[in-house]
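Chain naming follows the written order as A, B, C, D, E and F, and within any one chain the residues start at number 1.
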Amino acid sequence: MNISKSPWLLHYDGSSCNGCDIEVLACTTPVYDVERFGVVNTGNPKHADIFLITGGINSQNREVVKQLYSQMPDPKVVVAVGICACDGGIFKECYNILGGVDTVIPVDIYVPGCAAKPESIIDGVVKAVALLDKKRAAMKAGKAPVAQKED
Amino acid sequence: MKLLTFAKTELHNLFSKPATRLYPQEPRVYPERTRGHVENDIDVCVFCGLCSKKCPTGAITVDRAAKSWSIKRFSCIQCGYCVASCPKKCLCMRPAYTQPASEKGTETFTQEPKDDQSA
Amino acid sequence: MAENIIIPISPDSLLEEVLKMKNSECRLVQICSTRTQDGYELSYSFGKDYDLYNLRFTIGEDAQIPSITNIYPTAFLYENEIHDLFGVQIKMISVDYQGTLYRTDKKTPFK
Amino acid sequence: MGILKIALYLILAPFIGGFLAGIDRKIGARFQGRQGPPLLQPFYDLFKLFEKQSLVVNGVQDFFVGGYFIFILFTGCLFFIGGDLLLVCFALTLAEVFLMMAACSANSPYSAMGSQRELLQMMAYEPMLLLTAIGFYIATGSFMVGDIAQSSVSPIAYLPGMFFGFLYILTIKFRKSPFDISTSHHAHQEMVKGITTELSGNILALVELAVWYEDVLLLGMVGLFIVNMKWWSFLIAAAVCLLAYILETFVDNLFPRVKWDSMLKSTWLVTLVAGGVNLLILTLVH
Amino acid sequence: MGEMVVIMEMIATLMVFPFLAALLIALAKPGKLRDGLIYCSSFVIVATVLLLCVSSLQGGGTQSYLLETQMLDEFFMVVELGLMGLVFYYGIRYKRWIVLLLSAAGTLPVVWMEAAGLSAEGGEHILVDHLTLIMCLVVGIVGALICVYAVGYIKDYHKHHTEYKDRSSFFLSMLFVFMGAMFGLIFSSNLTWIYFFWEITTLCSFLLIGYTQTEEAVNNSFRALWMNLLGGMGFSFAILYSSIALHIANLQDLVAASAGNGAVIVPVTLLAFAALTKSAQMPFSRWLLGAMVAPTPTSALLHSATMVKAGVYLLIRLAPSLHGNLVGVMVTCIGGFTFFAASLLAISQSDGKKVLAYSTISNLGLITACAGVGLQEAVWAATLLLVFHAVSKSLLFLSVGAVENSTGSRNIEDMHGLIVRLPKLAFVMIVGICGMFLAPFGMLISKWAALKAFVDSKSVWLVVFLVFGSASTLFYWGKWLGKLVAVIHRSEQLKDTVRKSEKCSLYTLTFLVIALCILFPVFSGVFVEPFLSQMFNTTVVALISGSDINAMLLMLCMIVILPVMVNLLTFGKENKMVISYMAGVNRGDDRTFVDSFGQEKSMYLANWYMDEYFGEKKLLKPSLVLASAIMVILMILAIGGAI
Amino acid sequence: MSKRSIVPFGPHHPVLPEPIHLDLVLEDEKVVEAVPSIGFIHRGLEKLVEKKDFNEYVYVAERICGICSFMHGMGYCESVEHVMGVEVPPRAKYLRTIWCEMSRLHSHLLWLGLLADAFGFESLFMQSWRMREKILDMFETSTGGRVIFSVNKIGGVMKDMDADMLKEFVKILNGMEKDLRELSRTFLENKAVNSRLQGVGLLTKQQAHDLGAVGPFMRASGIVRDTRRMGYAAYSDLEFETITSDVGDCYARTDVRIKELFQSIDIIRQAVEKIPDSEIAVPVKGFPDGEYFMRVEQPRGEAVYYVKGNGTKFLDRVRVRTPTFANLPGMLETLKGAQLADVPILILTIDPCISCTER
């Protein structure tokens, strides 16, 4: 059974302008309906497989993003949605923007666009889903992080 | 007691075709104005660098010496300012958007040397 | 068209003027700070119907001004913002975040 | 015979439960004008969860969840081999308390608040559950499921109010809107995921699986209202169960989530009116 | 015949020995000697009780003794007047005039009747049947364990509460007096004797509740006193009426006579009334809550094994005469309603002892209701409830007391994460709580039986009270349980200050809760069923069938082997520890988060109490008014109908 | 010991569309205290005026927020136009008006959906967003973007809508009006929905005034004010009522916004009717020098743009006071004593937009 048949999402809005944010939400609504791919927007890192982040990273949400990422079980992939999440976008020169999501956690898929279109987000998710299977296989092969205690 | 106001819509939805666009099985046709990605008709470009100066995100680099024009697609916000400012009107905005990828690549257009062409 | 009036005042008469606004049933619209050469230009905007009255004064970099949260409690967000981003020193804000409203890495980026 | 029944339940229930969950999601999506996931999606989800790493916040969570799982299975077996209906109710409560404790043990805000709401839900539906069992007893003279299923007339003839009341609490038990307050299938809830917030990977998978077993058990109770000694009554019962399930999906999409006090008040009121009156009449005529 | 004498001697021992022990303890100085004395006395009591049971069962059940008791009667009269004098002393000292009135109104008529020779003759004064044995076991074993526990407890108590005067010898001796009185009460068959011991328990509880002599304690002790004296007054009128008008002197005869004689209703009503006050049924529930100011062993003794059990014991004895009449209706109504209302009220309480108090009231309500139904199944349920409740509840009281001495608080909120901080105590407490409401433990079995009994007797309203009440019960126990099992990272294990003696009784009680759960069919067969068949003159069929019992035993086994099964279920896969979800701002230690000012803030999770719905302010008054109304109206109807 | 829980709510929380954090003190489910924290989206874009010239800054202004994107762009442009004394051609004014009202439509529909989601009515959320897609399609057709439009520029707009397109849009809107009626019944008449909205989060007229509330949040408490009445864009040529309600609870806010939906459709119809033919932009020369406070009525209420130029191509200061910023104190007021289950609804009834609030 493929793990990729049931990708559950965690969406966090970094320092976005809302544009990409609402497009992500729009993907779950009837016209785009990502549930066709088994996608469930869980809202809980501990249930999620895919971490969708919109917006860039600023000094306050840096820790939040890191923490949410650390609370997701393996295998997991990170999708940066929108130019802001890819590299800070139009705000990258702002004093409070550190850059794209990859400045704090590893990003697997970049979805460009300002705002990213729902179709593009779907493409991104589909690509991410394929990665999930690969990561699972790697995990089984023992390459993945073995159980470790964080305390 | 009105409790079932939504029942009509609900049942109507059940028995009619879902509103879902079956993307990606059925590709989407975009309106012509859709701002998807910037394209350069590189043969017309004179490498003046104006677009690169105007671009709010610094997505464009122009190398006059190498006659190359490159764009960081994962930085471009499709604002169209470059298109509007290009004196040669060689830039245009096309509906198709850049595909998601796992690397933030740069796309470079290089003009073939004109004399080569004549040769 | 509604009026858009700028009223120059002296920093010392701030509370007095704000109280006047309060008494004439104005609402607080916004407080804005602009960085000038050697200090700040502050505008306190009050609204009545569609009119906008802007109390305007400038202060030096190290000057302190009183909080108006006693008169307009909702000013606390504006005042904290100005304090955090510009470094304007405001005394006695009712809910004083002490510089943690925005928690920017770079302290008072507009200073 | 008993062993066979237990084996059948243990093997078939997850398939039926998962399949029903698939129907729920598909039809639910269609109610919303969406295409919806594949019918087998719940199974994909379950296998996915079993494949995933489990994150825990302490060492006792899996113990409690295990308790929940095992006692749900136990309850189901007890029901389907024809055991005592009251004991079924009590065992179900025990199972739920295990789940509640799993949530509490995590000492995490949303999971703990979810557990309080879960307890509240139990408090809301428990009276109706017990009354239903009592109703069956008065109508058929036995608490044993086996005997009830062999009665000459379908118990629903005596228990229309109870049936309604039971369907009402079924909405709570299936965690459907308007009563999905302690945890919800829908993404957005003020409790995040409530009691399951801190569960993940195969521990969460166990909960999902247990829910399917429980769903089948509860539908079994719905069916118990219908069956009698005639063989064909079982077919009708199966149809009624399916209808009841779809009805819950329909209701799920028809209501906002209510607050806990409305839930408690309305459920107790329905219990008192539908269940109580039914009981009263039943004792008077019997 | 020789055996009879042995039994009689044992009974005498049980009735007299505790008083003697009490006297010695009162005189002893605090220290090893006194402690040893208490341990020995407790041991003697338990041993005697067990011996009594064995020999009595061998002797074939019911025996009665002492037909001639002139001397003793006179002795009792004197003591009784002495008790009245004591009440007068306290009443005058604290200016509570009402107690003078009530005490006099209760005691004087009985004394006058005796002195005037109007009391009915005949009948045995002492009776031992299976119910007596059950009560003996409860009072003897649970009571003795509480006394053992009290030895250690009271030392710590005074360490923590230096503001109170240390009168521990008095305190401990009172516990023994109490036990003695209870033995007296359950062995007696003669109404006047029962009344005598009844009044001793009233006075003892008064003294124990007032132990700390704070204003609150004094107030509460007087509340307990007047309410119980009021009940006592009812009792004394019942004696008067049955002696003078009916010429019946003992309880068994009274119950037996009820079948044929309508007038018997009158004393039965009055006795039931007395029983309701003693077992703290609404509207008299408030004395029991007030009694929580006393040191925990008092609460445990009063509320689990003795005092309140005297009330329901009397009701169980009266059960056959309650069936199918207005008194029965009154008792079931009050009991059922109390069960429901008290469990709702318990929801809003956060003080551990208060929750226990409300739950006690509530459970007694259930026993009361069962007794009131008066049918054989119901009495079966009532008797088992009585036993299970005594064991589980005393365990809970004692563990709360132990937690209080270790952590300084008995608030449930402060028991957050007890499983990490005091694992052993938490485990004991969890067993106790499970014993109160979860299958397959004791209380639930008896609730189950009660439910069946109610349905069979077609008491629809009782069924309704029971289903709603047990749902609320679930809530307040459940949330307590949740508090205990929370695992907080990096919290340290507290120093376990529980003393050996305390642990000894805690573990014994824990063992008893579990053992009873396994052995209850045996217990029922040996003690309860013979008692019922005698009371109702029928053979008794077990209410809970063999297959159900097997299922429950299976459940118990499953709980025991759960850890193993869980290991199998998770396929031995290793779990990864992470911090808990706190909306993304967990500070990394699971107990603090980054707050709105960017600072560290401690998270805190409180249980729900829903004061707006179930608070005392909201519910208590209406419940008391309603219960009073039910009681007054039905009593008037019952007595009026009989006369 | 206290019976109060202290828990964090946000910045990540599934009911929150955007990160905002509250320290909640709860008694059971009742909110005793709520202290807000913002800054999770703070970017500091006001300071970008030092790096982007005043023309380029239009693209930044549009991205203050992806929901009111158009209005932010327009508000900024109009304030600069005021400073520079540029008169925008009439057709551009009408085009701006139409896009403004389309923004309001999509924003209010979005809000209705989120509200439904907040009280756990998923299918109602889906239905609202399904209708919203139609508006987004219209946006895509006319501007090339679904949420970020890039059509404003100083001196006018960059794209025109021809008569056919406008006619088509009106047709779509007419059809939508019908669906909207059906949809609004569930929001306004359904008893179960009412029970979640009525009497929840009361804000009196006085409080709304004192707390400086704006927009539908304020109008639902009975204050009559609508910044569109000031007549920017083409609003002075069009007829519309100011919609208010006296009740001041969540229901009233829903009611006001639903009525504004119908009103917006009507305004678009009027605008299409009256739209004149002209240029859509005028060339702009020179650099801004001077200051201006511009106010526009966004879906969430009055927004204030302050622009100060110094005669160079870089402005001295751009400041945006967004409606959510003004409504936060009102929201905190309504949170007191609310139930936890109401918290999402209460946060939502001001229609919060944190992105522009923190800038």
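Simple rule for what comes next: a contact is a pair of C-beta atoms (placed from the backbone, for glycine too) under 8 Å apart; a residue touches a chain by one contact, two chains touch by 3 or more.
Quantities reported herein were computed from a predicted structural model and do not represent experimental measurements.
Contact with subunit C and subunit D alike is made by A, E, F.
Hopping across touching chains, the smallest step count from subunit B to subunit D is 1. More contacting C-beta pairs link the chains of A-D than the other of the two pairs A-D and E-F. Note: the chain lying farthest from subunit A is E, by mean C-alpha position. Comparing chain C-alpha centroids with the centroid of the full set of protein C-alpha atoms picks out D as the closest.
Of all chains, E has its CA centroid at the greatest distance from the CA centroid of subunit B. Distance between subunit A and subunit C, defined via averaged C-alpha coordinates, is recorded as 40 Å.
Here the spacing of subunit D and subunit F, counted between their Cα centres, is 43 Å.
Distance between chain centres (mean CA atoms), subunit A to subunit B: 22 Å. Chain geometry summary: the mean Cα position of subunit B and that of subunit E are 80 Å apart. Residue numbers of subunit B whose C-beta contacts span two or more other chains: 3, 6, 10, 13, 18-20, 22, 56, 77-79. Multi-chain contact residues, meaning those touching two or more other chains, occur in subunit E at positions 489, 575-579, 581-585, 594, 596-598, 603, 605, 607-608. The multi-chain contact residues of subunit D, meaning those touching 2 or more other chains, are 29, 31-36, 53-55, 109, 113, 116, 187-189, 192, 197-198, 201, 253-255. Those chain pairs judged to touch are A-B, A-C, A-D, A-E, A-F, B-D, B-F, C-E, C-F, D-E, D-F, E-F. By the touch criterion given at the top, residues 1-3, 5-6, 8-10, 13, 19, 30-31, 33-35, 54, 56, 77-81, 84, 93 of subunit B touch subunit F in their complex. Looking at the complex, you find that subunit A touches subunit D at residues 1-3, 5-6, 8, 28-30, 33, 35-38, 40-44, 46-47, 49, 71, 73-75, 136, 139, 147. Residues 12-23, 25-26, 29-31, 41-45, 55-56, 58, 60-61, 64, 68, 89-91, 93-97, 114-115, 117-118 of subunit A are the ones that touch subunit F when the two sit in their complex. Contacts from subunit A toward subunit E in the complex involve residues 12, 44-46, 63-65, 67-68, 70-71, 73, 146-151. Per the touch definition, subunit B reaches subunit D in the complex via residues 3-4, 6-7, 10, 13-14, 16, 18-20, 22.
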